[in-house]
């Protein structure tokens, strides 16, 4: 009995914390990194006062947010107002359950992993809509509607991109998808090459899905002040913030897993030496590669934000519906042909 | 040791209670947004029950399609329409006794027909996918795309009709709307938009009249 | 695995799908002024489909796609008449739609999609195909009813239709799932053998009840008729004429497939249920129709009673009965298009011509239209020697053959009661003075006048020589022509 | 509730061979249990954060602070309003395409095994939807001003 509880309850929760706690830390560091990077791109210093190089800035922010008052607007719906941040946070975190960090380094090796991810990302829209509606404020409602319409539009494009990956991999399991990208030609075997248009669409849709610049009309400080979370303050706001950044990191990891071979090494098959376990991962692959790839994508989020002006709303909708969805639909069939006629080599495991 | 079957049974009843409770909440809650959220919970716990039956594809597809898409539309509609709560309530109270009687009759009939002995049975039958030696999704896909090919294509037809009906019934062309056409914008050449005019330099010293403003930049309609 | 033969069996359906899609795109890409072309193209498309149905597979039964689809004589006859009825509908509808700014491509494409649904439904070999064909038909119908978006009556009718229709679909699906649970198969052919020795006969019976409720809704028989009057009255008449004709053939086809092809083993159970439904429909349809002042509503209640008569044929549960019921369904579809066709021919912009009082003195204004309406009304009432009379005779005969003499007597009594309200319309047309301020002008559309005349005269012609049609119906159910 | 059923041929698809190389995980539950736990942990995390904010943070309500944010003047009516019907249309289109994607998932997994037929049938399926899509596009339902 005791052993069973240990196996079924304690260990999984420890694993979960092993994912969740670093994730929260990563969000904190990512916020710091964002401000730093954008500072540099604007030829500024960025945060540099708190802690060495300003490293503790993010933690100071967290503490500040937590000890601030959580304001409940007078005309708001209390229950929904507090439920909304939870509904934003839970899918953003729960989606991590199926991400494989390395060979057998996965919390849940679910068969329908990709479908589960799609389900979790589709739940994120609830937090947005409910926040906007529960606040009972014009700006919040406008932001929520815009954001919801945008998120669901890009979800379609994202879903179709996922299908392209599945067609090549032939499995809904994320570990199988990574294995399918293994081969003797290193990074040339990854799916980004046969699925190049889809890969680009996927990442851009990911940016739009997380409501990040240049697709951040939902927040649009200059027009609707902050969009759906304009009324939120203190820890309730912190939860939205946490969810948004966790989602960004999630999209970065997913792009790496689906298109850039997950934990596989780009030099796989090029070098076969056996030097030492400390060095071998450079060509045999390991979770460090996944982190490097994800970091690159996460950096792109910041780069976009610093570089591009905001899209207009009609432009966003046009890009999603009239450009991305048609291309993605066409590529589903192209990918089908690739697989059927054997134009790409699909690895079956290392 | 907890018997896995017993654990499964406990889970089944737990999710079942949540499902039924949430479904009751859907029809009793005053606030219609709350009711929609209760419906979301109903779908979610139903998905969990399906997971117990090892129908993982259907379970998650239920969340993707119903919770992720259909319920979002419900929320859009319920939030944005002002439904008068009291009226809805009135009808509910009035028809409540009839509803309860019908529900009770149906419950009794179901119990009588399906049998009380079914309650002792393990709720989930054998998993045909596992018997066939493949994952649930693959099993479902194989059935859908070989045996049920024709219904699958009819489903596409129904979806297309849905698109047509939705557009035909809801879309209204407003006279005052302006939108830009990307293809036109891309096709424009600099020559069409800007006309560079050569003209003599003005001599402000000689004349007191306002200098004329020639259209050196002229936007075409 | 599907092969080329499967596709040949479904050729008319595939062709119609492709044509409907092309029409849809054509409508989207062409200018509104050119819609007349769409009208004639749609009619041509349907006529070619009729040819394909008639020409292909002359020798009896064929199945395709793992038994999902069955092509037999019953299906072919129903398909041909459904397609022809839709052609009539298209011809009748055009001036009406044009007068009301409803002359849009969606009317044609949605109607054709509905016909595809009908064709799949009457050919279904599997519960899944039944359900999907039905959904295709009803989804298109909901949209058609709501086509006139600016009319609150039309929108209300569409909502009612949709809610009750969805409920009915739910019932049907629930019943199907129970039947599946009790027998473990979805195929109608396998169901036929499995239903007799199911491990759970109670569950099966329960499923049957739900399925009958679903069928009852779709046929529009009492007590599941609530949607019929509102939908008939609220929908644009051009849509009502469609809903009142071809889908009735489909409803018969569905009932036949589910009850006979699928659950024929349970005939002794559903015979009685259908008999009860028939009596209720006859009573409610005929009695309530008496007090109606709106002709569309009157015809709606008349539909309910006619569906009751159709059930008399099904109650027989033998080939004779099915042949009679199919004959009845076809006769009703033709009579209904004729009756609504006259309303359409008399309606103008801003004037629906749907009150019975609007028909006062029609004989003085337009004797020919009055005569056509007379034919339609007499035929609906079952006055000899018109088409409707013989159809009624057949179903009453079928009920007697099923040892349900009482049912036949009930049917005959209500036929006499029904005479009253049909004759009232005739009386108003021939013996009343025209109302002041009502312009009764007939649409100038030539094709409408000719087709309507043909349609109504056909009621007379078929009433006199019903032999060939009855022969086909009987042959379809494996009977030698009488 | 499911129960033991008589074995009939229709119950199982015709193809019963296991997919090559794919490891069959018969115990689905074992894989989804941690997922459910994760959802629980994430909910707990959110609740804890909210609770910290409520307990540690001050609570000094005053009417001005609690008023909904507006640009300078008092909010004079309920902020909830009717939206352009286009949002609803968008949501309907989203449902339809989401369903399409749901159909594509199992197809992607099995199409290689079924072969050319699967490719053609999905091409037909997509063609039908693309026709609907072209119709929507041409009718201007995707235009935003």
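Letters are used for the chains, namely A, B, C and D, taken in the order the chains are written, and counting of residues starts over at 1 for each.
Everything that follows uses one rule, which is that contacts are C-beta pairs under 8 Å (C-beta built on N, C-alpha and C of every residue); 3 or more make two chains touch, one makes a residue touch a chain.
No experiment lies behind these values; they were computed from the predicted model shown.
Asks: Could you tell me which chain's Cα centre is nearest to the average position of every protein Cα atom shown?
Replies: Located nearest the centre of all protein C-alpha atoms is chain B.
Asks: Would you mind telling me which chain pair, A-B or B-D, is linked by more contacting C-beta pairs?
Replies: B-D
Asks: Quick one: chain A and chain B, Cα centre-to-centre, how many Å?
Replies: Between these chains, centre-to-centre, one finds 22 Å.
Asks: Express in whole angstrom the distance between the two chain centres, defined as the mean CA positions of chain B and chain D.
Replies: 7
Asks: Could you grab the centroid distance between chain B and chain C? Build each centroid from C-alpha atoms only and quote it in angstrom.
Replies: A distance of 33 Å separates the two centres.
Asks: Determine the centre-to-centre distance between chain A and chain D, using the mean Cα coordinates as centres, and give it in whole Å.
Replies: 16
Asks: So which bits of chain B are touching at least two other chains?
Replies: 56-57, 61, 64, 68-69, 72, 76, 79, 114, 135-137, 146-147, 149, 155, 157, 160, 162, 164, 179
Asks: Going by the touch rule set out above, which residues of chain C reach two or more other chains?
Replies: Residue numbers touching two or more other chains: 1-2, 17, 21, 24, 200.
Asks: What parts of chain D, by residue number, touch at least two of the other chains?
Replies: In chain D, the residues touching two or more other chains are 2-3, 5, 11, 19, 22, 25, 28, 32, 80-81, 83, 87, 91, 94, 98, 101, 105, 109, 111, 117, 128-129, 131, 133, 135, 139, 143-145.
Asks: Using the contact definition from the top, classify how the chains connect: line, ring, star, complete or other.
Replies: If you draw each chain as a dot and join those that touch, the picture is no line, ring, star or complete graph.
Asks: Which chain B residues qualify as touching chain C in the complex?
Replies: 109-110, 112-115, 146-151, 154-155, 157-158, 160-162, 164-165, 168-169
Asks: So in the complex, the part of chain C that touches chain B is made up of which residues?
Replies: Counting only chain C, the residues touching chain B are 1-2, 10, 17, 21, 24, 64-66, 68-69, 104, 106, 109-110, 113, 116, 120, 126, 128-129, 132-133, 135-136, 139-140, 142-143, 146-147, 149, 200, 202-203, 205-206.
Asks: Looking at the complex, which residues from chain D come into contact with chain A?
Replies: 19, 21-22, 25, 28, 31-35, 37-39, 41-43, 45-47, 49-50, 52-54, 56-61, 63, 65-70, 75, 78-81, 83, 87, 90-91, 94, 97-98, 101, 104-105, 108-109, 111-112, 115-116, 119, 122-123, 126, 129-130, 133, 137, 142-145
Asks: In the complex, go through chain A and note every residue touching chain D.
Replies: Against chain D, chain A makes touches at 8-9, 12-13, 15-17, 19-20, 65-76, 82, 85-86, 89-90, 92-94, 96-98, 107-111, 114-116, 118, 122, 133, 135-141, 145, 149, 152-153, 155-156, 159-160, 162-163, 166-167, 170-172, 176, 225, 230-231, 234-236, 238-239, 242, 313-314, 317-318, 321-322, 325-326, 329, 332-333, 336-337, 339-340, 348-349.
Asks: Which part of chain B faces chain A closely enough to touch in the complex?
Replies: The touching residues are 1-2, 31, 33-34, 37, 40, 56-57, 60-61, 63-64, 67-69, 72, 75-76, 79, 135-137, 179-180, 182.
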